[in-house]
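So, here come the structures, one by one.
Common to both upcoming complexes is subunit A, partnered first by subunit B, then by subunit C.
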Partner chain A sequence: MTKFHLLLRSLLLMDLRGQHYARATGAKPSELIPPLYWVVGQYLFITAVLSLALFTRIDVLPYAFVMLTVSALLSVSAVVVEFNEVALNFTDVQVIGHVPVPRRTYAMARFANLLAYLMLFNVALIIFPAIIGAGQRGAGWEYALAYSFAAGCANLFFPMLAILLYTLRPPEPDKTDLRDLVAWVQIILALVVFYGAQMMFRDGQHRIEMFLTQPPDWVRWLPTWWLAEWVAGVTQHTSGNWLTIALAIGLVTVLTGWLTLYRLATFYRAIRNGYENVRSEREPLPATWALTLSNWLAKTPAGRSSIRLTLTMLQRDSDLRMRMTPQLATVAAMLLLGLFTAQLGNPFQAGDGGSPASMSIVVIALLVMSVPTMMHNFLYSRDFEASWLLASAPGGRGGDWRHGHGVRRVLLWLVVLPVLLLLGLVFAWRWGDPLAAAAHVWFGWMQCVAVSYFALPAVGLRVPFSEPLARGGLGGRIAPFLAAVSLAATFMGFLEFFMAKKMLTAVLFAGLLLCLLVLAKYMISAEPSTVKNLKRLHS
Partner chain B sequence: MKTFLKTPRGILFLFAATFFGAAVLASTTVFFRPFFEKYVVEKHAPPTANEEKSLKQPDSPENQTYLKKLPTQQKTRLYEVWMQQPDSFLADIPQRLIRSSPDTLLLRVTQTFVAGSFGQRQRAAVFLARSGDIAAQNLLERERQRATMRGEAELAMFIKQLQIPH
Partner chain C sequence: MIQVRDLRIRYGQFEALKGIRFDIGPGEIVGYLGPNGAGKSSTVKVLTGVLTPSAGSVAICGHDVATQTLAAQACIGYVPESAPAYALLTGVEYLDLVAGLYGMAPDKSTESARLLLDAFGMTKIAPRLIHTYSKGQRQKIVLIAALLHEPQVLILDEPLDGLDVDSARKVKEIIVGLAAKGRSVLFCSHTLEIVQKLCHRIIILHEGQIVADQPTEEILARSNDHSLESVFRQLTKPETDKADMAQIIAGL
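Right after this comes the complex of A and B.
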């Protein structure tokens, strides 16, 4: 066996034995079904839903275009989110640095490893669109073959292009912004596909089908549109030089692969040349703005220290940010759905003249529901053993929840408030009524603050980042509390829907929210029996 | 079985089984195409008495002005009313509607060709053929070609027969 074969075999075995594909799915390595399976399952699910939703509704060309675009986006996101563990591994040099393996051989093994994953994703992304697409009117077995070839090339070309672009930058092992961004794209795409499919069935004006049948000019400039045109040409026998184009597509893919391999070899040479030794291992001190913010948000030293810790963890721990992504992505997806289906109406508008306001209320309710889940996320960390330092620190004022309050404030002021302000801007633009938008967002803010108080004992947030991530830990134990919050948020949504249309009832609703807020704050400071019950619920 | 599924071979088996299942599911779906096509249909609200009345008015300068002044939504609504019972109204209604607002109406008819059922697309073709408008005839020809590409020989033939007199 050559060094290449040995390396490739060990890389694949390591990957199959130790599953680390948790970033995109939130799955844990200890589960029976491997996390990689959920990634593949997610791709199968998205392509299946989309293929079925579009089946018989649009022609071959737009069908191929949508499926090619979505599969290319998903394969790029898969590679960008995970390639730290597949193609560009900074820790490799510590393991094989002393072994006499040529950099090119190593790069080839890593590249082949990446190709194995790309092929796996390719199969998952191609099965449904190729087979169901072949059943479209005007398609046939030629479609299945042409689509598989085009999608196979696109799903190799775009991820390799992403890696190529990434390797052009100097190696930065801690750089996770891009991965976070792409993971966001992946999750939002899944939600938009899911909700968008529903929209297609509900929209009486068939805007999606019309858009896809008569796409704007900019769409015709997209590479996936060119590929789709080729697929349609082959399927409907309208392309005279389909073989030449197929060869060109294949050649471009192979050339990109060769370039990627070359850049990977350069990359591994760069990290071998002692990049790791030059890099500073010291964590940066909290920025001045973080210190000022913590002084402003907390009165006690315990509160300030937990705020600084939370800010540092938010900056450093990409897993923490990723765990918060699905909740906020749901809000974003619902907002987009509301905009596209014209259901993002003004709840303060009396009468039936405007568009329905259901989604405007649901968006806020979803944000309220996400607060306890996000607070719960702050309980977990990979470095949970270090939490003894915080737990054993001198108490000071603030009671049991002195550290929890710090986390709560960071979440409210740095996550929830910016989201609410953004929502407020969208509402103000959509309704043309900034005052109503401000009031709607203010109602949401009061609910979020109240829920954050109730959530402290319910999630048991005494010492943040003090527990390891365990199977079912994220969702299981706070499920009853989440159900209660969902019910309450839905009820408040209904109340707002009926009370916001008249000034008097709207003021009453605001008063009700204020009472709720005062009650929550009083409960948490006085620790009456209700809090004990919530604690019992948690334990 | 649990132990096997945790081995590399087990994981590969899991993927293979899933892909096989997905392929079977996808192939099964294709056989149910008529079921899916049943749901490709435009939903039109039933016509009101006023709407029916305005489509039964004979052509006159007043009627033309009335049609031109109608909001876009109501013009497309009249098209929907016509689509539900094309033979109940005067034969020149398509011509009058398209003349009142060609772009809006042609876009609306295109929507029927995209999202309508087989019967609705046939009626939309009749609407275009009866309009006598050149842009409408071009659209009709495009739809005939599209029907041919989609393998809908029956619809393509139907449109061709409509095109002969013009």
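Right after this comes the complex of A and C.
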């Protein structure tokens, strides 16, 4: 085997065993859950749902446009999010920097690995749209071929273009701003597509189909619209020079690939020249700001230390932020859908006037449900071995919840509260009633605070950042608690829906929430037997 | 086997190495010591072809590391500090990869790997993923990878870190045995007792400059108690001396 083949084989093996989804105790390769399979499965699912939802509802051209756009966006976001793993891996220097591998061979192996990654996603993104699309009226086998070619090129071209743009400034191992943003967009997009697709069936006015069939002018300037026009032209035999255009598409894709290889090879050379020594470091938190916040949120030195640690980890650990992304993205997706489908009505308004208030309540309920999951994420860290410090300090494993409270407060005041304020602004704008918006958001805040107290023992957040990064934590011990929170949040949503319409019942609802909050606080501070039993589960 | 001439490394305004110069001949085991931040890691990175020097030259087995990098690297067996390895490969896969990258024939590499895995008690562990290894097991697998292709030059950075007593003894025996066969060894460690016993010669680096480069006996003769620690302290002048230490301890 040549060095290229050896390297490529190892890189592909590691892609298939990517640690993000590995079971922490998996010792043999067969015990790992390959993360690529999860992602491929997700992409197959998303494209299948979308293809079926749009099947025979719109014509060939808009159908191709939607599928091409969605798959291009998904493949771009996959590459950007996984950039440090599939395109430019700074840790390679430590492992094989001293090994006699020509730089060109290394660059080719990395590029081939990237291509393999993209091709795998390509197949997942093309299969269903091509096959199902071919069954459309006026389509046929030519559609499947043309779409496969167009999508294949697009799903290579756009990710490589993204890499070229992403590497306009030298990538740094710890800079993850763009990656975080793209991950957010990707998840919101997937949720909007999924929920939007199912809403299409319930929309009597067919607004989505109308939008796609007669899109505004700006849509026709998108590259995926041009590709879709080519696909439709080939399918319906209306394009005379389809072969020339196909050659041009292929050529552009190949050229972009060559440019990307050249660009990445430049960075590989820089990495091997000690570029890995250049580390970007976030500016430390402004001392006065962090001190003021930690002083305000905690009353003891240990509590303040926990809060400062949590603040710093939240700021610098992009993995931690990424793990919270799906929960908050769900809230954002529902808000967008509510705005788009005019279901973001005022729950305090009685009668049938105005929009339904269901989504306004669902958005808050989803945020409440996300709190324990987000708290759970704070258990995990790459630096889990350093947790001996918290565990052995007063208030560690055998003590109280002081460190867990630190996490809880940071999460509530720095994450949940800003989200609620933003939601409040949207509601106030939508309803024209700031007071109602404030009350609605305040109901949400009370529920989030109460859930956060209950989540401490349920999640076992005694020593944060103490467990190695591994998926699978949402199963097992905390699944029943999450199910209970979902039921409770849904129930509270129903209660608000019915009780908010009259002043007296609204006040009663507020009182109920206050009682819930007091009960939660009492349970954690007093640690009655139920909480102790939960504690025993985690020891 | 190793020739370093006027080696300089600059990181921006900071000069990590200030024109150092030394040779290591066949059969020599040379200890390379220095306080934290002295420039040891930078030297090793240049020797192994990972870092390009700002000035100066390095030759390994007669190959200039800057212009004949691949040939120079092929002569080296390197054990980095903290034993980084691809955690998602098994030990066997990792050794296969290394053997192939060093151009070893498959049957030869299989036999060498089998012998070394057996010697270090890693035969049953090797089929498992590296991320499940203990610190010592990871160190062993990286050591085996460095020895696999029978390098002419060994560069070892804290190679005994995490090893049990028996494995540490085996590594020391291997080092001495390889030197007896004419290989050159550069041994970096903070454990002065081991360096004192193992090395024929000791180079001490301080603030980017070599402050001592002598046979071990001569270095030890520089202090009254024949202790490498005393010589090291004397030459590197740590900021905290005895009087300061007493004050610090009194305050604890």
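In the analysis below, the second predicted complex is superposed on the first by the 472 of 539 C-alpha atoms of A that agree within 3 Å, B and C clash if a C-alpha of one lies under 4 Å from a C-alpha of the other, contacts with A are read in each partner's own complex, and residues count from 1 in each chain.
Keep in mind that, in the parts below, a contact is a pair of C-beta atoms (placed from the backbone, for glycine too) under 8 Å apart; a residue touches a chain by one contact, two chains touch by 3 or more.
On a predicted model such as this, the values are computed, not experimentally measured, just so you know.
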Which superposed partner A:Leu13 touches (first subunit B, second subunit C, both, neither): both
Touching partner for A:Pro102 - first (subunit B), second (subunit C), both, neither: second
Which of subunit B and subunit C A:Ile132 touches, first, second, both or neither: first
Chain touching more of subunit A, residue-wise (subunit B, subunit C): B
Contacts of A:Ala391 with subunit B and subunit C, given as first, second, both or neither: neither
Partner chain in contact with A:Gln236 - subunit B first, subunit C second, else both or neither: first
Subunit B versus subunit C as contact partner of A:Leu247, first or second or both or neither: neither
Contacts of A:Leu168 with subunit B and subunit C, given as first, second, both or neither: neither
Contact residues common to both interfaces of subunit A (with subunit B and with subunit C): 13, 17, 32
Subunit C contact footprint on subunit A (complex, rising order): 1, 3, 6-7, 10, 13-14, 17-19, 22, 25-29, 32, 91, 93-102, 272-274, 277
Complex contact set, residues of subunit B against subunit A: 2, 5-6, 8, 11-12, 14-15, 18-19, 22-23, 25-27, 29-31, 33, 36-37, 39-40, 42-43, 110-111, 114-115, 146, 149-152
In the complex with subunit B, residue positions of subunit A that touch it: 12-13, 16-17, 32-34, 36-37, 40-41, 44, 48, 51-52, 55-60, 120, 123-124, 127-128, 130-132, 134-135, 137-138, 201, 204-206, 209-210, 213-214, 236, 238
Residues of subunit C defined as touching subunit A within the complex: 11, 45, 48-52, 69-71, 73-74, 76, 78, 80, 84-90, 93, 96-98, 100-103, 127-129, 131-132
